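Supplied in structure tokens, the structure appears directly below.
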Amino acid sequence: MTELLQNLINGLAIGSVYAIFALGYTLVFSILGIINFAHGAVFTLGAYFTYTLVVGQFENNGLIKGVNLFPAGSPFHGSAWAFAAAALIGAVISGLVAVVIERLAFRPMRSRGADPLLALVSSLGVALVIVNLIQILVGAESYSFPTDIYGDLKPALIFSLGGKLIVVRTVQVIIFAVSMVLLLILGYVIGRTRVGKALRAVAENPGTASLLGISVTRFIIITFFLSGFLGGLAGTLVSTAFSVAGPYFGVAYGLKGLAVIVLGGLGSIPGAVVGGLVIGLAEAFVPAEYSAYKDAVAFALLFVILLLRPQGLLGRVQIQKV
Amino acid sequence: MALLEIENLSVNYGAIQAVRGVSLSVEEGEIVTLIGANGAGKTTTLRAVSRMLRAREGSVRFAGQDLGRLPPDEAVRLGVAQSPEGRQVLARQSVQDNLELGAYTRRNAAEIRADIEQQYVRFPRLKERRNQMAGTLSGGEQQMLAIARALMSRPRLLLLDEPSLGLAPIIVLEIFSIIRELNAQGVTMLLVEQNAKLAMQNSHRTYVMEAGQVTFSGPSEQMVSDERVLHAYLGGQTEGPEAGRSEQRRGSMDVA
Amino acid sequence: DKVATPVPIGIAVAQTSNTALLGQEQVIGARFAEKYINARGGINGTPIKLVFQDTGGDEAGAINAFQNLITKDKVVGIVGPTLSQQAFSADPIADRAKVPVLGPSNTAKGIPQIGPFIARVSAPVSVVAPNAVKTALRLDPKIKKVAVLYAQNDAFSTSETGTFQQTAKDQGLTVATVQKFLTTDSDFTTQVTAVLNADVDLVIVSGLANDGGNLVKQLRQLGYKGIIIGGNGLNTSNMFPVCQQYCDGIIIAQAYSPAQPSANNQLFVKEYSAQYKKAPPQFAAQAFTAVQVFVDALKVIDHKKKLGEWELSDLRVALNTQILAGKYNTPLGAISFDKEGELQQADFYVAQIKMKDAKTGSFVFLK
Amino acid sequence: MDFLQTYGFLIVTMLQQGLLGLSLYFPLMAGQLSLASPGFYAMGGYIAAILLTAPQFSGWREALGNWIFPVTWLLAGLASAVLGVIVGVPALRLRGIYLALATIAFVQILQVLSLNLSITGGAIGLFGIPQAFGFVDRWQYIWIFLPAVIVVLLFAHRLQGSRVGRAFRAIREDELAADAMGIPPTRYKVLAFVIGAVLAGIVGAMSAPFLNTWNARQGTFDASIAFLAYTLIGGSRSMWGPLLGGALLASLPELLRSLADWRLVINGLVLVVASLYLPQGIVGALGKLRRKAPPQRPTPQVKPALGETP
Amino acid sequence: MTGHIAPNAPATPMSAGQQVLQATGLTRRFGGLIAVNNVSFEVRRGEIFGLIGPNGAGKTTLFNLMTGLTPPSSGKLTFGGKDITGFAPHRVAGLGIGRTFQNIRLFKVLSALENVKIAQHARTGAGLMQGLTGRDRAEERLVDERAWALLDLVGLANRAGEEAGNFSYGDQRRLEIARALATQPQVLLLDEPAAGMNTSEKGELTGFIRRVRDEYDLTVMVIEHHVPLVMNLCDRVAVLNFGELIAVGDPASVQKDPKVIEAYLGG
């Protein structure tokens, strides 16, 4: 029983990390129908930006040694406010980076009518550039945020239930909450507002959308900014839970993220969250002695679910009228 | 000055020149019909006006403004709406959403609501289907939706590409009465139709296109009885389907 | 072909890809060696020149790097590659071309056995790891139950954990739980709760700096109080920024320790720290050692016949023979090789991490 | 000679990666975006590595001599075909990116298995693999890979012109319409998938001796994406595309070797620029330059000349 | 007509006037909507059978039910006496029911010629091995000849190499007919073949369909909104309204049927 509860908590915790990664990922997919592999890199960038702003010290292996927006002695140094400000600035910069990526790596392709799959290659190229630039600039090692980043919050809640310990990490509660809130906001904007309707029209058919007076270019820019913003913020949050784990940090989520959004149903915002939680839970419920097969279990589950529901959990069936 | 003025327009698909030096004009308040055989370049001309295609040469002026390199959404904002060939409904959105999106450039929610209701009065079938995904509508229902959606932007100039296509006879009559009604309200129209007779009976002037060029034009009532038009478009005679037409098509082939 | 001056020695490690985290320390160690050695007269007056070829993180990259070094750069010998899997792929190439290779960080079983031209300066895990367990038991003789965690996709960690588990059993401990993870993982809540619920008093972690650091951090944050032993992958100050103050107290068996008292090492540490503002990590020290071994062996050969007069191919063979025959005083202490090329290292070390603050810490020599 | 020594490995790698690109091309001919190739490639490699190193098979090796190598190819191909059918039949109900992901899931599952099984050597993998036909230098492997490329190209060429190739294309363009025109989609999709699987499996078996070692890092998600990039950058609508794409992209990091740390940055930029300026891939762009001749109408009742390609 | 097209090989020999197709109680629901409601009718060999009705009456859905693209919710369909309810589309096509689509579904990026070649799939048999070894040459030649002949028939032979998607709307319709004929059907279903054609072309189409029927010994079912064409062309006409069959009979009587006038033709 306690074990079940603990697994549930662990699963939700890991799952919400996947989910928060996947939100921005699925946003771009739902609008443009492209898998943006650079999302992982933007996610990483968000973490690095924030880290640079609040801590800003790097090791010997890169060209940059450090910047710090709130150096020791400045009024905000080490406060939770400094962190919040940095996280926000980091997210905004990430959003801008995403817009630049769209402008340079995707838009020209769209106007040439290229296969949307090609965007996958192009975004892979962008990811490669970003990751390696990070490595050249600041080296490959990992960095952690100071542990007091969330002020006085305890790192974890631990209580005992029937002699067994139950552990809940504070950061993960925060991530879970944030991803839920973002889900609600995004869900509302896309599902209920005029902007959301226009976005869906662009997603379905940009040509037709423009024929209705919708400025496709503007909406795509907004989408990328949002996606980058969410990605950057997610990167920061996740890295406070773990660490800014080197230049490949976010890219490593690429595959899981893809699994999450496909499982949840491509283009579905709630699907991204549900997909993340399902995969997280599936992994958590793998018995310890088979933990080596954790990844296999998650993917086998994915395989099976896709066979049963080819459109993903919350995806809509692609009806085609003949 | 004419509301729409097309001068010396040429449009290419890659190496294929589909429209070659077309000039035509539509006066404010006029209904103009464009007829021609399959592949003559009618659709291409309309798409150039709505900016879905870029002209290679020539100009398209709307209300005195050169549409030049404007994106299609700007053209809509200026007051050009199109009911396109192939209907182009947003298959995964509901009928209601399609209509609302048709009014995307407008802001007044109450007016929009009223206009949607008006479409539902015009096309009761759409009202029945208001929450159905547009992609699952029957062909004719989609055609109604495409027309209704184009009306939602309250255009000054309405481009209709074969509006009667796939519609039952009663509905076709209904469509033409809507056309007249809108025109009476001041909407200018450029109409491409295969039902040439009906179109000419309901329009002021007619242009005939062949192989990417305007071959002749004139007031509709004259054109209806014009020998050449009669022969080619109003079923003057029956031959094998391969005859006659292939000649015209060869014209557009030569350029390829 | 004659041997070029300055004498070219190849360094084929990972400068790009995921593996660059390890590779970049090796690059620094090697670069430092070049400067250090040339400043001291190189090979009896002839300077050396290191030729770097990036292996990336994969097998094909390693082969390409080796081929380039062997035929294009005409090096006398090669230090590399970073990963054992890459070594299994690229070392046979060098061996067939009769070019001596010193593995700076290949600890898997079977590396020196690839061929006569393959040797390594990185001690196999089976030799290093047991020391840590013994030390932990000395510190706390009451230890009964252990939890073992390892990165299952890392060749080094999987072989290390075998040794750890064996040692634990040999020492009469019960292995209460074995947990696996991936080097790419960052969330270890599942593993940590399993450990907490197994109620153990010793945790042994085999992984790399980042995942290992995160794991330790989460273990501590979630309330694990007992002793932690880190494997060789955690033997780097790269871990400090990850687990920060939670790194404190980790016990690590080392193939290299900055505290190793030999004059050689102390000089190395002094100059290295002066330049890089931190003590040399193990990967840097081992890369340094590999270069030094080449140079020391070349010095002996040069005494017999001037390097400039050698045919390159003959020199490579002679160099290999000399490497295996010699004894070296290196930052790792006194080392030599057996006839297969396996490292014979006199001393191993056990250190405990002491964190001064969140960012700076040191490995304190325990033995 | 030095040139071959230095670049021989690279040249053969280009062929090898080109073949792997082609292994994606066959399913793609029938519109199936399958990224399962790395899985079959890895499995083929393991089969060869095990047959060539495991003590249990020393009898085989002695009995067969150099014939053991073609036998490894054969077995790898057979095993891939069987597994291909088992995976393909259910998976091919999926479309587009969903299928891509299901096949990646398959690759991941195989990878986890190979990390955990003892017969595959766990994370370290299998090593000390004997060299095919006693080859010493890497470039000699061209004697295996070049003929393989030629055979596969011939195969693809023939296939394209045939009834089966037409069925593939029809399914790619519009599965439903193809179905309504009398083409059973499932059968042909599975066929296309299995052809790709067999090719990848055989290439794996050929590659194990070539790389000297085999481990779980050979069949990964990264490889899936790399193969896809080969196909798209090269051009997915011609058999030359994946081959060219594989050869070029595999050699790119090597051509940029002198840039050291910066080479992957440039590599990334090249991917971006290529995607932007070659939307139909390299072969697609070349094809644009060359005007396609209109199809020739057959003159009825005349026997086709000998040697004419149908 | 220049080319030569091999006569069809009917699965079961049938004589004129005999029923080819029989629908009994065919029904299809989409959620709460009944698109086709308990429809029963039969089509006789060699006749041209018209299907009319208001937009959304269920005509296209009925075609989909008959060709296996949409499985019926209930009801039964026989073809030449054989129960084919629930058969997959390719089996139906293989048995000899060919069709065109209301929303044109050509293989857009393939050439016109190839579109027509592809559709001969079920009438040819070369497998992978024959293709690879070149033992399919005779068959390929035949396929090629038939394809050209069909393009001739619809007047597109001079554009055989062009991509189908580049054709104008009306030409795409012609190509669809050629492609459907290439499956060598016994029954040909045409869904609004005249849409997008002008009045004189519609007139030509009447003659064309008749000729094709005679030449290839076909049975034809046609959905069309152009009433003169239907009345002119069809031997019998069925009328659907809200999914239900409200009238079947010869054109003249159907045209006079008050229900039909009310629902469809208008006053």
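Brief remarks follow.
For clarity, chains are labelled A, B, C, D and E in written order, and residue numbers in each chain start from 1.
Throughout what follows, a contact is a pair of C-beta atoms (placed from the backbone, for glycine too) under 8 Å apart; a residue touches a chain by one contact, two chains touch by 3 or more.
All figures in this text were calculated on a predicted structure; none of them were measured in a lab.
Here C-D and D-E are compared, and the pair linked by more C-beta contacts is D-E. If you average the CA atoms of chain B and of chain D, the two centres end up 49 Å from each other.
Separating the centre of chain C from that of chain E, both taken as means of CA atoms, is a distance of 74 Å. Annotation: 50 Å between the Cα-based centres of chain A and chain E. In whole angstrom, the spacing between the mean C-alpha positions of chain A and chain D is 32. Looking at chain C, residues 16, 152 sit in touch with two or more other chains.
In chain E, 60, 69, 101-103, 105 are the positions where the chain touches two or more neighbouring chains simultaneously.
In chain B, the residues that reach two or more other chains under the touch definition are 136-138. Pairwise, the chains that make contact are A-B, A-C, A-D, A-E, B-E, C-D, D-E.
On chain A, the positions that touch chain B within their shared complex are 194, 197-198, 200-201, 204-205, 207-217, 316, 318-321. Chain contact summary for the complex, chain B toward chain E: residues 13, 16, 35, 37-40, 43, 85-86, 125, 129, 136-141, 143-144, 162, 165-173, 194-197, 231-243, 245-246, 249-250, 253, 256. Contacts from chain C toward chain A in the complex involve residues 16, 18, 20-21, 24-25, 28, 152, 177-182, 184, 186-187, 189-194, 196-197, 209-211, 213-214, 217-218, 221-223, 238, 241-245, 276-278, 358-359.
Of all the residues in chain E, the ones that touch chain D in their complex are 3-4, 67-69, 88-91, 93-94, 98-99, 101, 105-111, 113-114, 117-119, 121-124, 126-128, 130-132, 134, 136-137, 139-141, 143-145, 148, 157, 160-161, 179, 182-183.
Residue ranges on chain E touching chain B, taken from their complex, read 30, 53-57, 59-61, 102-103, 152-155, 158-159, 162, 166-171, 174, 192, 195-208, 225, 227, 264-266.
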